[in-house]
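One chain, subunit A, links the two complexes that follow: it is found with subunit B in the first and with subunit C in the second.
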Partner chain A sequence: MASVTTNAVSPATNQLTASTIAIWFGCLAVLLTALQYAGILPSWLHRLPESWIPPFALWLDAAFNFIRTDLGLEKLTRWFAEGPLQFMLDTTANLLYGKRRWPNFEQIPWSAIAAAATVLGYYLGGWRLAALAGGTFVWTALIGQWTIAMETMSVLMVAAPLAFVVGLGLGIAAWKYAWVDRAIKPILSVLQTLPFFTYLLPAVIFFKVGPTAGAVATIIYAIPPMILMTTLGLKKVSPEVVEAGKMSGCSRWQMLRHVYVPAARTEILVGVNQVIMLCLAMVVLTAFIGMPGLGAKLLAMMGSFKLGRSFEIGVTIVLLAVTLDRLSKAWVVKLPEHFEKGTPWWKRHKYLLVGVGAFAFFTVLGIFVEWFSEIGRRQSWSQGKEIDTAIKTFLAFDIVQGTTEKIRYVLNVWILNPFRDFLLSIPTSAFILLVVAGALALGGRKPGIYAAVFFGLVALTGWWDRSVITLYSVISAVILATLIGLPIAILAARSEKWSKRTLLVCDTAQTFPSFIYLIPAIMLFGITATSVVMSILVFAMVPLVRYTVEGLRGVPPEMTEAADMSGATRLQKLWNVQLPLALPTMAVGFNQAIMFAFFMVIIAAFIGTQDLGQELQKTLAGTDLGKNFVLGICVSLMALTFDMAIMTWAEKKKRALGF
Partner chain B sequence: MYSPRQNFHQTETAGHIMTTDAPVISCKNVWKIFGNDPEGYLAKMPAGRSYDEIRADGYIAGAKDVSLDVSKGEMLVIMGLSGSGKSTLVRCFSRLHDITGGTIEVDGQDIMELPEKDLIDLRRNKMGMVFQSFGLLPHRTVLDNVAFPLEMRGQDRHTRRARALEVIKLVGLEGREDYFPRELSGGQQQRVGIARSLAIEPDIWFLDEPFSALDPLIRREMQDEFLRLQEMLGKTIVFITHDFDEALRLADRIAIMKDGVIEQCDTPDQIVMNPATEYVRKFTEDIDKSRVVHASVLAKADQTGEGDAVSARATIHDLAARLVAETREFIPVQDGEQVIGAMSRQEALRVLVGAD
Partner chain C sequence: MNKMTTALTAGVLAVAPFAVFAADSSDPIVIPIHNWSSQIVMSNVVGQIFEEMGNNVEFVTTDSQAVYESVRLGDVTLELEVWEGAFGASFRAAMEKGGIVDVGDHDAVTREDWWYPMWTKDACPGLPDWKALNDCAALFATAETGDKGRYLDGPVDWLKHGKERVEALEMNFEVINAGSAAALWAEIGAAEADKRPVVVFNWTPNFAEAVWPGEFVEFPTWEDGCDKDPAKGPNPDALYDCGNPADGYLKKAAWEGMEEKWPAAYAVLEKISFTNPQIAEMARLVDVDELEPDEAAAEWLEANEDVWKTWLN
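Right after this comes the complex of A and B.
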């Protein structure tokens, strides 16, 4: 009993001291900053002296070298890259775009793939999905992007199944053995916050440049959600189903194979959906290490400011993403249905037969009519030039140009630059104290300690200024996103219909590979800091709006009805009932917005930033693995600090509200 | 005054076939404690600790020093409020739970000693279980669900299909073989559960509240169905319910549980007539005793009556009209051809009007 009472009381005292400490830290930070402004702060409190900074990069390099050469890991990875992986990639490449490799077929005609996709779409989700799936492939072919799209798909088709298998296996292991779970958890949270550039360089070094490295980076990137969904699903299998399996005399393997995995089908398939979507997002991004395909083309087109072609490629990527997402989601909800007794064989398998038939028909047709097999560059309906001119004319209109100019000016001169300079002017010590104070106030003791350690490490890496600039982009974009997104979400949540629509838009937008978000930003604001913030803003707004709507709609009706009966006005109801109850869910959205922002800010390095992302991108050209990792870890540590503080807060609030 | 065993021999009145072999399931001083370190706790626990004291120590006693035998061909019904440990006890019998203390023997074999392989064999060949919320595999058709235990023991596709169809027919689901569980009603799903548990022709059949997820009309229908099956198959059955009427309809013996302890295990007649504890008395208070008590229970061997005898297997309720019209003080009771004694009319009338 005694232990129970102390347990019940201690969080409260913790809380008390944590918030008091937070206030003290906050005051101290203000004091330090004031001293700095007055010019009497010792310089080591402002920025760590160079001489104090340990050569992390060198140490890491040494460690990597040891693993690579002395432990012979490189031999193994190179063998894998040049052997089985290369073989699989070559095979899909041969089938999809006719690369001269085993099995040395001609490329599969585009019309055959489009036809098969249409039938699959119809089978999974009726006419709408059929139109979407068929339309996507027809568009891709007609617009003259078949080959680059298939280059991307050929990697995806190798990476997604491999990520699935590895994720499933690790997920099962983590579910079965507690120690695997304990070992994997922290690695997963770091992996999920690690900037993607940090995946790329090790992949290049261990698995050589080009598609193999791209495929490996993609696989690693897509594994974590598969692991999480697998364990989640397996844990959720109903105990009676498990007992029924045991009473049926299943051995352990039979249990897993015939009971657990099939019963966790839904979660596992949701994992498959996420694997596919992350693979697509990552494959596009691997353009940065020279992977050919849609991403590379988009990168090149945006680099040379060919907006029309960029737009077309963007549409292709979006269509592919939405198609893959909808097809795999439809598969999740597609449950088997029985056939009446005596249904003939061909009727039971009619979709398969029609699909194969259509595929064969167009394959044969392609042999006789070239157009059905391949659409050459010159035959394509691409309107790149025209769209380009249209966009550029549109942008040159006085109103448009005036507006974008004004936004850019106001944002840059009045908001962004002063904010950045202010953040940079805060002494490192004060900054860390502030962050720790925030984490303490939000999450309590544990997140506070982690915040101190994590930000302390960031300071010790010597990349402080760049880290602060990264943070500045993230914070300003998320604040702007909140200012814009919150009212939208609150308005949308007022009616069922608009909530649904908004959620659909968010769901769809979330399937777009992050790269896509750069296109409109660059179109409107050119290659400027404003574009960076704008692209992050839009990207981060999606989860924010989504969770806010979900949170507000999720408020139990009896509570809003109680408020109505108490005679609350709409605003009173919103302020006193709905928002407080929705707050934990909204916090999750806010957290995701920050995570998304950290992700996007690194990609925005492509536009030209002065932050960690820029440095990271530079490392890709070389073999500076140590530096690459240090930079990546900086991003990861900052993101994790926020993640921990906000999520702990949300959990606490949820529990307090009794959800 | 009555030992369960003795009573059990008298329960031929309930109408089921019984033999007197060694018990099929025999458990002695069985403990099942949930918590962090149940073995360590049980070893150190002072004797006679109550359920609430154990709970205060941070453990839950699912089964508390339970000793019980189940004979071949018997239908034992376990009753009790929810949380009283019924499911826990049955899961100990099939070793879905490992017990914390005591021994459980099935056909003379201590099941806690069984290595995994033998345990699997035991379940593959001797035990069947039906679950409250069915526990069907959602991705398999009715046929594949029913054939599942056969598949697990490696029977070939043809035999297992034939056998599965046989049991599906037995439970009245023919024509639905290709349906998936979610396409069936609750009652039909439970039939699938029953068919699956019967597919391997088990000797021992566990049913954990099989009908409580069903609505009352279907429940009644399923009980009849179940009785029909039991008449045909004559298995050893442990049946859990929290519905007294259900228990009375089915049971040879009823075990009443509270807080992990079996308060009384006896024939329905004895439970109603001679409740062992206050709790059991409260539990049976609202029962119409005349529908439960048989003439045989009231028959006193040392009395002899005159005139026509009544059947030992008739309930007092069955005899109501006669009892009211009678004038004899003692009425002979006969089981089959043999007169086993006579019952007092006064006593019978008291049971009839519920004056006890």
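Right after this comes the complex of A and C.
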């Protein structure tokens, strides 16, 4: 989830005035709050009166209806959904799990796919990847989840290539034409912070409930990083390479095809990796709008509180995610092989041949030995019930129950609820002033102005209280994540070995579809604010730890050596040398943690929240496009405010430190 | 494997169609699936009956409120469980817009309301009267709700109006929305261990009746219009000041075009009618016996041939 930022660095002269203004705003906010507590604040400064709130939702509904019916967009999208898209989905569905559609084959035997994946893994990354890729598919089949996993994969196989093509095209356009870039940037920023529930409803309305809508939502969700990575890669192509291309007389198309794109290969492939990962994450979430597959099953299993089965499905999703991630990353690193002229065809494509051979072998084997083609549920090794009992026994231990109960009590009663009530008690006007003051102090004038506009808009939508509750979950989770994550990261960064291990854990954890994080939280803390905060906490801690470790390890050795020579203690070195230098990188991690938290808090509606996520989930039950969009934008605006302030600050700090 | 055999039967039947069924379109009949077990199994049962008749069937998971809009547009073909209390409003709204038809009732009575497991009565003997419940509110207090009692309502998208009722009847309760049905069962299950009093949202027919005996709280009796007209119910100034209907209907609904496109299937759908025990049994097969929905459906069909075979003729 790379995030877009506007690189607005205000000149240093503004800094002084900006921070003075920030202090003034802060004081004013405290004053307003004090007046409110004293009960003499005019009520319109506390909360906007109902009558001032413009009916955004109604206007938007009217606009949507105009676009939908009068402009005939719905006809177009429906045609696309029922025609080409449905056709593609049906085709992959037929191949992967034997849905009765064109080309009406039997489903591909699981063993054939597993064998092909193993060969691919070996080709890309040696035995370890081969074992991972093959093992994942064997596990999926043995545990009896082949069909649902293939339902998910069939959508992924359509969505990821489409997202790739569209993203690549837009990325090239944005690189070629400055106006496209300018037009796309703000849209991307909003898209990347928009909660996923907001993608879902329009998708359903325009593209029919079911896999088509899910596929569209998935594609849109996965496009932004592809665009960004493409533009980034193309911009980095060195002039020498371009010169060489020009000298050999390439046409414009040839330049793009044979010079620019190959030179930007690494970035584009990183984009592909991100597209695949985001697609997988989203495909699981689209279970909310009727996407069958792993997500739907997980939702259903969690819905009937079968923890064992949920756990097994969770493992499958994670394995698939890790496999796809590692395979696509290995592809990024793998350099194209070059053969001497005259190498026979079979030698150049030996892996392809082995893969096809293995595939064909198992396909044929599957015809004769049923087991290699399909494993029924009764034959599967699923231990759902046993794991279920194990988990429930574990949770019923007095010590576990006692601990979770205590954590839950302390967090809810002493920290979370009072904090929420405090935030809610702050007058709207004071709250906005505080946020603006923060943005001014961190980023300077421009983020300050944006903060004022964005939070002002949130207040105008009339969803203020819910927005504040959303913000409260985000803030408390991120603070707790910082308190826990920073010490871990600092300890890990001390040694090379532990840094590597921690980064590996973070890497892996980042590939988990966000939904996974809800399971342990619900199991341990039930339906409370604590489990909401806990699931966000874990999810947000990942980037935080990751960037802190990277930041600390990235401190130039000369600096630490200088500190050692001047006789600094470990703590002094950390405090005075390493942390200040690592701070800009850590800020990026902090920012990502906040963005992740905004993403997660909406999903946590599944646990039961009382914030914007809950309202958003409610809109999925209807056709209130306007309201859905307003709610989504509220989340997006708040996230963008933080994003801008923190990233501007990090950028400035980096420049000051001379990175 | 079961899928394979049904697919085979369906294939064979499609090649040699009966005269009666010949008119049915070969397009798939799209059956929606929601997030509670009895509906999922029932959909599979009916789907397998349709497949038996030679129709193509497809299942799609949808939201249980939004589904009526989808039925109206023909995106999904039918809906097998229209609960009066839960979906009456969405169903009526879709009927007014047109495109959806009422295909008759199941032989079942539905009720959904505040509910407590039997052990709760030991602590609060005045139950099931709602006033008695309100007097015992402190028994249901948790760390998070302070001195108010906690009532665990259904997921928000079920639109249960628990909060409105608490306000209308000035009850000393705080309404917490569970994120899913799972949360409700988890709550009852956790309370069972130490026989802690709880009051949660529940409904009948449901597997839970078999696992945890319990009763519904008796609120002021439902009057028509209680959700629209403040004058109805004990509080003259508020909506939702009544309990839910105690004998709600359970309907089947279908897309307007179904009768024309799949006449044979539609004729069967009209005859289909399940009873409370049958529906509870379907839920039990999944929730207690942990069968997959399609297996549960096959099992149910096998055990109840006398019930559904009559619908086919």
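FYI, the second predicted complex is superposed on the first by the 640 of 659 C-alpha atoms of A that agree within 3 Å, B and C clash if a C-alpha of one lies under 4 Å from a C-alpha of the other, contacts with A are read in each partner's own complex, and residues count from 1 in each chain.
One rule holds in what follows: a residue touches a chain if its C-beta (ideal position, glycine included) is under 8 Å from a C-beta of that chain, and two chains touch if they have at least 3 such contacts.
Predicted model only: the values in this text are computed from it and were never measured.
Participant: Kindly say whether there is room for both subunit B and subunit C on subunit A in the superposition, answering fit or clash.
Facilitator: Superposition check on subunit A shows subunit B and subunit C fit without a clash.
Participant: With the two complexes superposed on chain A, say which partner A:240 touches: subunit B (first), subunit C (second), both, or neither.
Facilitator: It touches subunit B, and subunit C stays clear.
Participant: Would you sort A:258 into first (subunit B), second (subunit C), both or neither based on which partner it touches?
Facilitator: first
Participant: Looking at the overlay, does A:413 come into contact with subunit B only (first), subunit C only (second), both, or neither?
Facilitator: It touches subunit C, and subunit B stays clear.
Participant: Is A:335 in contact with subunit B, with subunit C, with both, or with neither (first, second, both, neither)?
Facilitator: Touch status of A:335: first partner only.
Participant: Thinking of the overlay built on chain A, is A:302 touched by subunit B (first), by subunit C (second), by both, or by neither?
Facilitator: A:302 sits against subunit C, while subunit B stays out of touch.
Participant: Check whether subunit B or subunit C contacts more residues of subunit A in the superposed model.
Facilitator: Result: the larger residue contact count on subunit A belongs to C.
Participant: Here's one for you: vertex at subunit A, rays to subunit B and subunit C, all C-alpha centres; what's the angle to the nearest 10 degrees?
Facilitator: One gets 150 degrees for this angle.
Participant: Between subunit B and subunit C, what is the tightest CA to CA spacing in Å in the combined model?
Facilitator: Minimum over all C-alpha pairs of subunit B and subunit C: 46 Å.
Participant: What residues on subunit A does subunit C touch that subunit B touches too?
Facilitator: Touching subunit B in the first complex and subunit C in the second, no residue of subunit A appears in both lists.
Participant: Where on subunit A is subunit B touching in the complex?
Facilitator: So the residues of subunit A touching subunit B come out as 1, 238, 240-241, 243-251, 254, 258-259, 262-263, 265, 335-341.
Participant: Give every residue of subunit B touching subunit A within the complex, in rising order.
Facilitator: 56, 91, 94, 96, 120-121, 123-125, 127-129, 131-141, 148-149, 151-153, 175, 177-180, 182-183, 193, 196-197, 200
Participant: Using the touch definition from the top, list the residues of subunit C that touch subunit A in their complex.
Facilitator: On the subunit C side, the touching residues are 1, 4, 7, 30, 32, 35-37, 40, 56, 59-66, 69-70, 75-76, 143-144, 152, 155-157, 159, 176-183, 185-187, 189-190, 193, 286-287, 290, 292, 295.
Participant: For subunit A, which residues are in contact with subunit C within the complex?
Facilitator: The contact residues of subunit A facing subunit C are 100, 204, 208-210, 287-292, 296, 299-300, 302-306, 309, 374, 376-377, 384-385, 396, 408-409, 412-413, 417, 522, 526-529, 605-610, 614, 617-618, 620-623.
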